[in-house]
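Shared between the two complexes below is subunit A, which has subunit B as its partner in the first and subunit C in the second.
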Partner chain A sequence: MRDVASAVLTILVFPGFGFLFVCALAFHWIDRRVTARFQGRVGPPWFQPFADFVKLLAKEDVLPVGAHERACALLPMVSLAAVLTAALHIPVGGYVVTSFEGDLIVVLFLLSLPALAYFLAGWLSASVFSVVGGSRALLQYFAYEVPFLMALAGPAILVGSWSVSRISGAQSGGLWTLLVQPIGFVLAFIGLIGKLKRSPFDIPKAKSEIGAGPLTEFSGRKLALWHLSLQVKTVVGIFLLVDVFLGGSGGGISLSGVTLFGVKCLLVLLALSVTGVLYARLRIDQLATMGWRVLAPLALVQLLVVVLVGG
Partner chain B sequence: MSRITIPIGPQHPALKEPLSFLLTVEGERIVESALRIGYVHRGLERLFQDRSYVQNVHIAERVCGICSHIHTTAYCQGVEALLGLEVPRRALYVRTLLCELERIHSHLLWLGVLAEHIGFTTVFMYAWRDREIVLDIMEDLSGGRVAHAVNAIGGVRIDIENDHIPAIHARLDELERQMEMFLGVIQHERTFQARTRGVGCLTQEQVQRYCVVGPVARASGVAMDIRRDQPYAVYDELSFRVITADEGDVWARTMVRALEIVESMGMCRQLLDKLPEGPLASRAPRRVPAGLVISRCEAPRGELLYVIRSDGSDRPARVKIRTPTLPTLATLKDQLRGVHTADVPTILAGVDLCIACADR
Partner chain C sequence: MKGAGTVGAIIRWARRRSPWVLHFNSGGCNGCDIEIVDTLTPRFDVERLGILKESSPRHADILLCTGPVTRQSRARLRRIYEQIPAPKWVVAVGGCSCSGGIFRGGYNVLGGIDQVLPVDIYIPGCPSRPEAIIEGILQLLETIE
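What follows is the complex of A and B.
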């Protein structure tokens, strides 16, 4: 009985849904606030993301004629479920729900599911803007995913384990992976921006070109879930980067470790916000060129260095 | 590959004013575009004929929300020519000052719109924030941020007080510092260049064939500027450069407009320094002798032309407006052919359309 209670608590409260929900909204608010300050604006009050979420939940939920109703209802849930599940294998402040050899691969797979769901949402929601946005999302996926995967393979090969917790733990005594594989970190960071469709890679949802991209026709609860899944994905992506490249919590579960983890996460978030402020949005062909001509070869070089020198 | 048709407008995030495009797209390339205009036609030219010359100043002001002052300037100047009226020099100075402030405001607004369309939100925010500096100056001078009601037939309705001048200079100093930042971004920011260079190219021949005017023409190497070629108001007493570029793409247009802002600030300073003493308006009779006049001005978007015909009554027999946007609209079909869908907003922003002007 106690096992069941603790499992429910883990999944619903910490580090499951409740914790991620709060983190997602908080990170989203910090991001918006920081961006606003950089752009000479004030930014929203702290409860704005929550208010937006509640507002969307209460709004009418309509889809155009010709859209695939059932798929459109299912896809945001799939997307959200995938990122929430991925979070179970990523240590948060040293605490991880389940960990096994190879969970890094599972996490990467689960984190790429939303991209597929996003593409399908565009394809199935019967609007020109969403179809164009969907095909752009897929093209973008091919541009960033390979360098992102190769960048994350580096630390795994170096540590000799495909488990996120082991990679994170292995850095507690020695150097952060960031210092050993700086190129890998930069590539993973760029890949994460592409994954999260943040500026300057917000190509699939470029609002001056194609409205809201794949999500153009979504409204109400479905849109709220889409937004939430993207926000949770931001949190999970940042956790993953901190664990794999920035030494996680520094080993063990302690108050200082948790604080350290939080500070590192905020720094990565800050870096994401600053990158978003600094650049103009690229075109999809420019991103594809960059992905395959610059990022992928760099990732290959980093992997070779790891295998030849580190292994 | 299958073709799909993407509607842009009449309501679309990329458009600030109603205009409709039907783009036929193959993959991400545009193969065909069809343009439809006329969504903000208000019948203003006809309205001119039903109002007296004095009332018409207010109609001219409402042709366009961004370049309202240049419309009244062109109109008043035409009527003054018909009347053979001598406008006091101080009035001409105030008029010209407002023209140049309006140009700065219009170009900054445009820079913001372009930045937003290429997904550069930060520059958009900064440009519109710094545009407030000019709007504040204009509000202090006239009481209005965009509609100033400054021009009247025979002169102007506002005065610049002497203790006001240092404050305007100080604000221009601030704007000058900001412009250095913007010029730095335009010249050195790589993503900005990646999105604007080589996009929406117009050659010198195309510009001349379509009779394109203003910054778009100057960005393609055609050095035309009514302020220099046929000086009106007091432009013959000011020293300024006509900015041109050779590339003819959106980047060149950005550069031309940014440098024009710098030139305009210099002109504002000259106007404030040289401001002569004297009356602000001369009295204009109600009835205008019969005749036909063509009044030309350099609006922020290029040559603005008013043709006014008078039959000797207190109402014009015909007022015809030719706005700089009209020839630019004709070039869009050429510019949009074969481009990437992502470049459509950039191209539309790059030519700086003013639909309210064009439709009237």
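What follows is the complex of A and C.
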């Protein structure tokens, strides 16, 4: 009975839904605020993401004629569930729910499910904008995913384990993977930007070109869940990067470790925001070229260095 | 969609603090559109009031209309209004969209936005100043129930 209660608590409160929900809204607010400050504005108040979320939940839910209603209702939930599940295998401040050999691959798989759901949402919602956005999303996926996977394989090969918590724990001596594999970190960071469809890789939802991309026809609750799943994905992606490349919480569960983890997460978030402000959106062909001619060969070089020198 | 008690109060609070706007010109001279673009610049920073410009009618709460309604744009204006999920509000920006303005009585002009859609608030001016547009939206938000 107690096991069940603690499992429910883990999934619903910490580090499950409740914690990730609060983190997602907070990170989203910090992101918008930082962007606003860089543009010489004040930015939204702290409750803005929550107000947006509640407002969308309470709005009418309509879909155009011809859209696949059941799939369109299911896809945002699949996307959100996948990223929430991925969070269970990533140590937060040294605490991890379940950890096993190979959970890095599970996490990467779960984090790429939303991309497929996003594409399908565009394809099935009966709008030209969303179909164009969906096919762009899929093309973008092929451009960033390979370098991203290869960049994350580097630390795993070096440590000799495909478990996120083990990779994180192996850096407790103070030697971060970032210092050993700087190219890998940069590639993973760029890949994360592509994964989160943030500027400058917000090609699938390019506002000035194709409406709101795959989400053009979504409204109300479904849109709220889509936004939430992207925001949670941002949090989970940042956790993953901090654990794999920046040493996580520095080993063990302690107050200083948790604080350190939080500070590192905020730094990565700040880097994401600054990158988004600094660079203008690329075209999809430019991104595909960059992904296969620059990022993938660099990732290969990094892997070779790891295998030849580190192994 | 009127909620009772605490939940209703929270929803009302959220609606007042997160008005996402969609902009449509149904036949104006582009003057008010420039002013709306001006309103959205960092100088006025309407994001601090929760106002965001959306590019899809499905995401919007408020339809910002400029210009008089011409015979040609009537059907599109109606269609865009119908694409916005409820609850939704219409703001008429500028003299032309309030009454037809100098185009009133023209052979191809129906008149103000209220000839086609239920308008919630009228913002006069030729063109309306950004301050007036912000003030108008804020007054509209106060009436939200």
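The rule is short, and it goes like this: the second predicted complex is superposed on the first by the 310 of 311 C-alpha atoms of A that agree within 3 Å, B and C clash if a C-alpha of one lies under 4 Å from a C-alpha of the other, contacts with A are read in each partner's own complex, and residues count from 1 in each chain.
Quick note on the criterion: a residue touches a chain if its C-beta (ideal position, glycine included) is under 8 Å from a C-beta of that chain, and two chains touch if they have at least 3 such contacts.
Because the structure is predicted, anything quoted here is derived from the model rather than measured.
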In the superposed arrangement, does A:280 touch subunit B (first), subunit C (second), both or neither?
first
Once the structures are superposed on A, label A:51 by its partner contacts, choosing first (subunit B), second (subunit C), both or neither.
second
Could you say whether A:132 touches subunit B, subunit C, both of them, or neither, answering first, second, both or neither?
first
Quick check on the superposed pair: does A:59 touch subunit B, subunit C, both, or neither? Answer first, second, both or neither.
second
Is A:216 touching anything from subunit B or subunit C once the two structures are fitted on A? First, second, both or neither.
second
For A:199 in the superposed arrangement: first (subunit B), second (subunit C), both or neither?
first
Check the residue A:41 against both partner chains and state whether it touches subunit B (first), subunit C (second), both, or neither.
both
When the two structures are overlaid on chain A, which partner does A:207 contact: first (subunit B), second (subunit C), both, or neither?
both
Where on subunit A do subunit B and subunit C both make contact?
39-41, 129, 207-208, 211
Can you list the subunit B residues touching subunit A in their complex?
4-7, 13-14, 25, 28, 115-123, 125-126, 129, 189, 191-192, 194-195, 340-345
Interface with subunit A, subunit C side, in the complex: residues 1, 3, 10-11, 13-15, 17-18, 42, 45, 47-48, 50, 54-56, 58-59, 61, 83, 85-87
Over in the complex, which subunit A residues touch subunit B? Could you list them?
38-41, 128-129, 131-132, 136, 199-200, 202-203, 206-211, 277-286
In their shared complex, subunit C is touched by residues of subunit A numbered 32, 36, 39-45, 47-48, 50-55, 58-62, 129, 207-208, 211-212, 215-220, 223
